[in-house]
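Quick one: this structure, given as structure tokens, is what I'll be asking you about.
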Amino acid sequence: MSGSVRICLIGAGRVAKVHANSLVKHVPQGELVAIVDTSPDVLQETAEMFSIDSQFTTFEMALESVQFDAVVITTPTFTHKDLAVQAANVRKHILLEKPMALNLEECDEIINAAIDKNVLLQLAFMRRFDPEFQAAAERIEAGEIGKPMMIKSLTHGPGLPPAWARDLKTSNGNLAEVNSHDWDCIRWLMFDNYKRVYVEVANFKGEARGVDTENFYDTALASVQFENGGLGTISSVCPCDYGYDARVEIIGEKGIMQIGQMGGQAVVVCTDQDQGLITPIFRTWPKRFEWAYIREMEHFVECIMRGKEPKVGGDDGRWAVAGVLAGTTSFLEERPILMREIMI
Amino acid sequence: MSGSVRICLIGAGRVAKVHANSLVKHVPQGELVAIVDTSPDVLQETAEMFSIDSQFTTFEMALESVQFDAVVITTPTFTHKDLAVQAANVRKHILLEKPMALNLEECDEIINAAIDKNVLLQLAFMRRFDPEFQAAAERIEAGEIGKPMMIKSLTHGPGLPPAWARDLKTSNGNLAEVNSHDWDCIRWLMFDNYKRVYVEVANFKGEARGVDTENFYDTALASVQFENGGLGTISSVCPCDYGYDARVEIIGEKGIMQIGQMGGQAVVVCTDQDQGLITPIFRTWPKRFEWAYIREMEHFVECIMRGKEPKVGGDDGRWAVAGVLAGTTSFLEERPILMREIMI
Amino acid sequence: MSGSVRICLIGAGRVAKVHANSLVKHVPQGELVAIVDTSPDVLQETAEMFSIDSQFTTFEMALESVQFDAVVITTPTFTHKDLAVQAANVRKHILLEKPMALNLEECDEIINAAIDKNVLLQLAFMRRFDPEFQAAAERIEAGEIGKPMMIKSLTHGPGLPPAWARDLKTSNGNLAEVNSHDWDCIRWLMFDNYKRVYVEVANFKGEARGVDTENFYDTALASVQFENGGLGTISSVCPCDYGYDARVEIIGEKGIMQIGQMGGQAVVVCTDQDQGLITPIFRTWPKRFEWAYIREMEHFVECIMRGKEPKVGGDDGRWAVAGVLAGTTSFLEERPILMREIMI
Amino acid sequence: MSGSVRICLIGAGRVAKVHANSLVKHVPQGELVAIVDTSPDVLQETAEMFSIDSQFTTFEMALESVQFDAVVITTPTFTHKDLAVQAANVRKHILLEKPMALNLEECDEIINAAIDKNVLLQLAFMRRFDPEFQAAAERIEAGEIGKPMMIKSLTHGPGLPPAWARDLKTSNGNLAEVNSHDWDCIRWLMFDNYKRVYVEVANFKGEARGVDTENFYDTALASVQFENGGLGTISSVCPCDYGYDARVEIIGEKGIMQIGQMGGQAVVVCTDQDQGLITPIFRTWPKRFEWAYIREMEHFVECIMRGKEPKVGGDDGRWAVAGVLAGTTSFLEERPILMREIMI
């Protein structure tokens, strides 16, 4: 393929702005040619921010009016399957936001559509492209800390999720919407699949914030056993009132590795001996994963240009969904769930 | 009580040396007057190290020959009940190493003996006296991070435990021998008791180190639900080949708190740009908890002198044992265990 | 001005590659249209790396063949004056690498040429565009640490400088080639000019590396008094064998602020309790100041497009040169030098 | 010598309490038998704090009434020479607080008296006994960072010094009262003596705090050249309003080493994403150097018991005084001072 890769952005919300920024500012071979959002206000705001004239309220309208090679799907989870399958059917390559879909059947439909139509399917697990996470993965693979025995991954994020994302009837809750990255990372960095999942959840803040959704939780702790016997844990807090926090700790047979830290910008101040040192933290995920989002988009564009397979694909998205489903079943049934109960 | 508190040390092994050092060097009002150990070699080595002439191979012999007010019991767990009850019966105050005992019946015998004979019973959870842990507890109690929602405690320690300590027939394994402190800390710092426990274990190093004990594990992950709905996790690695590691992270409704760090001495070196910065870690628990051991012994001596109740006692020891028993049952039966199944 | 800003890069060495990368990858409104270098090999390598066909061995040839709006001058210091004046004369905007020039007369020629020809002159003090340095400057200006009393800035860099850069006959040595950024930063962050400069130098590594240049030094320490009475120090080490290191510490009447740290990527590993924790450092200045270089180029392009004055200009470059000259005079004459002796 | 070492404490102020605490709580072989202070209130407060009945307002009275082997002199600098010579004359070993004395003549009188009377003279440079500083010194000596090229030492301390200590007529100001430790440390850790000293000073806070003493300064920066060509700097801030801060950075031919850090207790909290992480600092020197004071006193007592020479003695104290005198001369005369001008 020659020239630039023309891309249509479907969904114009928060993460869409991040992807648009990557395309417009930092990935010269990718060209953002159209934006789609069902909400005219959101659509206009994002499109104007990046000076994109081609604005549409449906994907169909974009298809009719503009030529493009690929889509970036950033809409709510429950829309993923239809949009992704539709995109595959018109032979557009797909960068699909997490979580991949609501259940394994939907995942399979997407995967099969991409295979059938021979389009690339990349899952937007941007941590796979973060310089720190990547360096860590390479160093683990090189054997620096020995065979991984235990992994602890956490994502704590500010802000109450939207109503659809905290209701188990329309989403898989925080385990999916907040912690998909953790489910992906623990598989990636343990170089192994989950075998058994146990989850405890808690609801500390729902009432005070007017959430009376059944089974709502704002705090969760997943305990995972891997196929090779390794152990893992995922910690989830959302809304998290101290900021955005994403860290991983891996204990191998020979050593320990920590990826990420709470501290952000290296500007340290002390003005009060009783209070002590103050260090900024990463307040938002776009800031924490600034390079990861750029590298992710570069990878997507490069895969399309060179016709090579993205290094994080449908199967990775499917495993993360399966982990979430096992976790949800676990806390609802108050028992550990074997993955083979889920991945029938 | 006037004058100094005379103390007999029962058990002369590693932690005994730490307590002896506190008494001889840093707690002037405590006097180490006798040491007991069934192994003449261990006995002599420790007694000489602290210039103690009164050396005995049985507690009875010490009782016959030397006057003292209190005992510090540092022998293997399976001896705790008999020695503690015996000490109580001759009206000696007791500083008892962790884990308290093998089961709840033994815990109750010790607690009741101490009550009946009106002697003080202090459990050697020295983290309760560590300046960092104490400051953290006070700050949590003062509401700095809001109501605690989740706590993560880890203890990873070097060195294969002795044979008795890794066999579930003679001990409760690493969950007890290594992680008693975590079981105590999570109750202390969550200001709540456990309600449900789930544990996964793994055995990565046993075979290579010639351990074929049934049910041996070197890696464990406990998932805890507290009575108030809070969540907790305990991470256990032993033998841990990267050093000694003890840290806690608490997430409250308003904020997060971290206690402890891997880095030890603040001497940072860089001599190789490819390797980067090197910071020493705490290699051993006596070094990490140097002040905690001194403060613990000060507290014990002060309680005896002033006739006041130690701030960590039999009930705290009993809860830690109950947590361990729930955990062991959980991984053996592969299901979450309610504390009410254990604490009948 | 509409459309993109067309830029000719003069000098194709290390820092030229950094600027080319910013232009080609991250500043869509800037277009790299030509590269000039007197060395055909260096020219070809850099031009190919960024797919630039217009390659020239002289600036004159570039002027004849290609249309452009601006130049980025990255050649050795002793060429700056002629090239910058020549560029101004043909009405090209100028982004000029540090140090600005060899002496104040040259600085003045450049400044006057830019004024006469009404072209923008931006000095490439990229730390002014680093997110951490910028945040720090804003926080100091907002009064967070009170009035600055003392500033300590260090730049230690790996690699023996080229022969011309370590000889006081053809350059101003490390104080200029390595520490121009420090001279700029201490003025910027103290919000004041130097009044007096005293410098000590040392030569520890020259002999072993075959350098017998007169007055060569690899280690230097400048002591600065500011006009308002504040104090400053600049530390210089080059070649520095542990990596690249750039940090600033500012003590104000109310507090202290640290900018930057030795640690780079937040991937921490421990595999040996005797060695301890290992944290990567920033090994190179392009990596440490990755965003600074991008933001610097964005600023240059934006200033040209909007016709606004760059926020770091000729006067800042001139002050840094003056500091260097005072410093060199100081260590040669072994006495403190008042700036008024230099800035006649 | 058998039994314990009996010690008389001369001066009962702040540092006297620290030494008394070491003796009473942590150095069992040292016995605090008498306290002397000219102020009855200070005397009584400190004596009661440590339950010492033998309280005297003059050293002569203590000598008449109590038997002891050694003195710890903590009185103001201008009294050191007379008290130390007097103590030597009655054959008492001497632990002498810093700065040693007001000038080199006084230093020599003390040194000669100790030699003549064959008593031990230890200077209270407690950083020499700090576990971190000691480990660093050993690692430098072992060659870990190569030959030291540059050292930066800072001591910033809270609180306006007493009137006598900020007046150059009765003391040598902050360079002596605050930074004696830095003068000692840079010699110790560079394994070399100073050759030339240049000092800049500033007075930012004097007026606001009602200090109109001539030549008063609250901020100082010393630039030092060592005999082997190495460079050093000492940074002084007092009163320092952000807390107590004592750190050293050493650059060797092979690497860099940092000793100490601003952060104190490892309890990190974040409750506000806009503010970020908060880490306690060391607020006071007794806390920062808690173990250093204990080890220093252990060393003094052990030297007396074993008749061995203390590892930091009169000559070290004399060099620190010489550095201070060179520094004061430098800022008064606004020129670098060669040590041979001072050490005639």
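Letters are used for the chains, namely A, B, C and D, taken in the order the chains are written, and counting of residues starts over at 1 for each.
Methods note: a contact is a pair of C-beta atoms (placed from the backbone, for glycine too) under 8 Å apart; a residue touches a chain by one contact, two chains touch by 3 or more.
Just so it is clear, the model here is predicted, and its values are computed rather than measured.
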{"item": "Chain of greatest Cα-centre distance to chain A", "value": "D"}
{"item": "Equivalent-chain rotation between chain C and chain B, CA atoms, steps of 5 degrees", "value": "180"}
{"item": "Whole-Å gap separating chain A and chain D, where each centre is the average of the chain's CA atoms", "value": "56"}
{"item": "Between chain A and chain B, centroid-to-centroid distance (C-alpha), Å", "value": "41"}
{"item": "Junction residues of chain A, two or more chains touched", "value": "145-146, 241-242, 254-256, 262, 268, 270-272, 280"}
{"item": "Contacting residues of chain A [partner chain D, same complex]", "value": "158, 241-244, 262-264, 268, 270-281, 283"}
{"item": "Interface residues, chain D side, partner chain C - complex", "value": "145-147, 149-150, 152, 156, 196, 198, 200-205, 219-221, 223-225, 229-233, 235, 237, 240-242, 245, 251, 253-256, 262, 334-336"}
{"item": "Interfacial residue positions of chain A with respect to chain C in the complex", "value": "24-28, 131-132, 135-136, 139, 144-146, 254-261, 265-272, 280"}
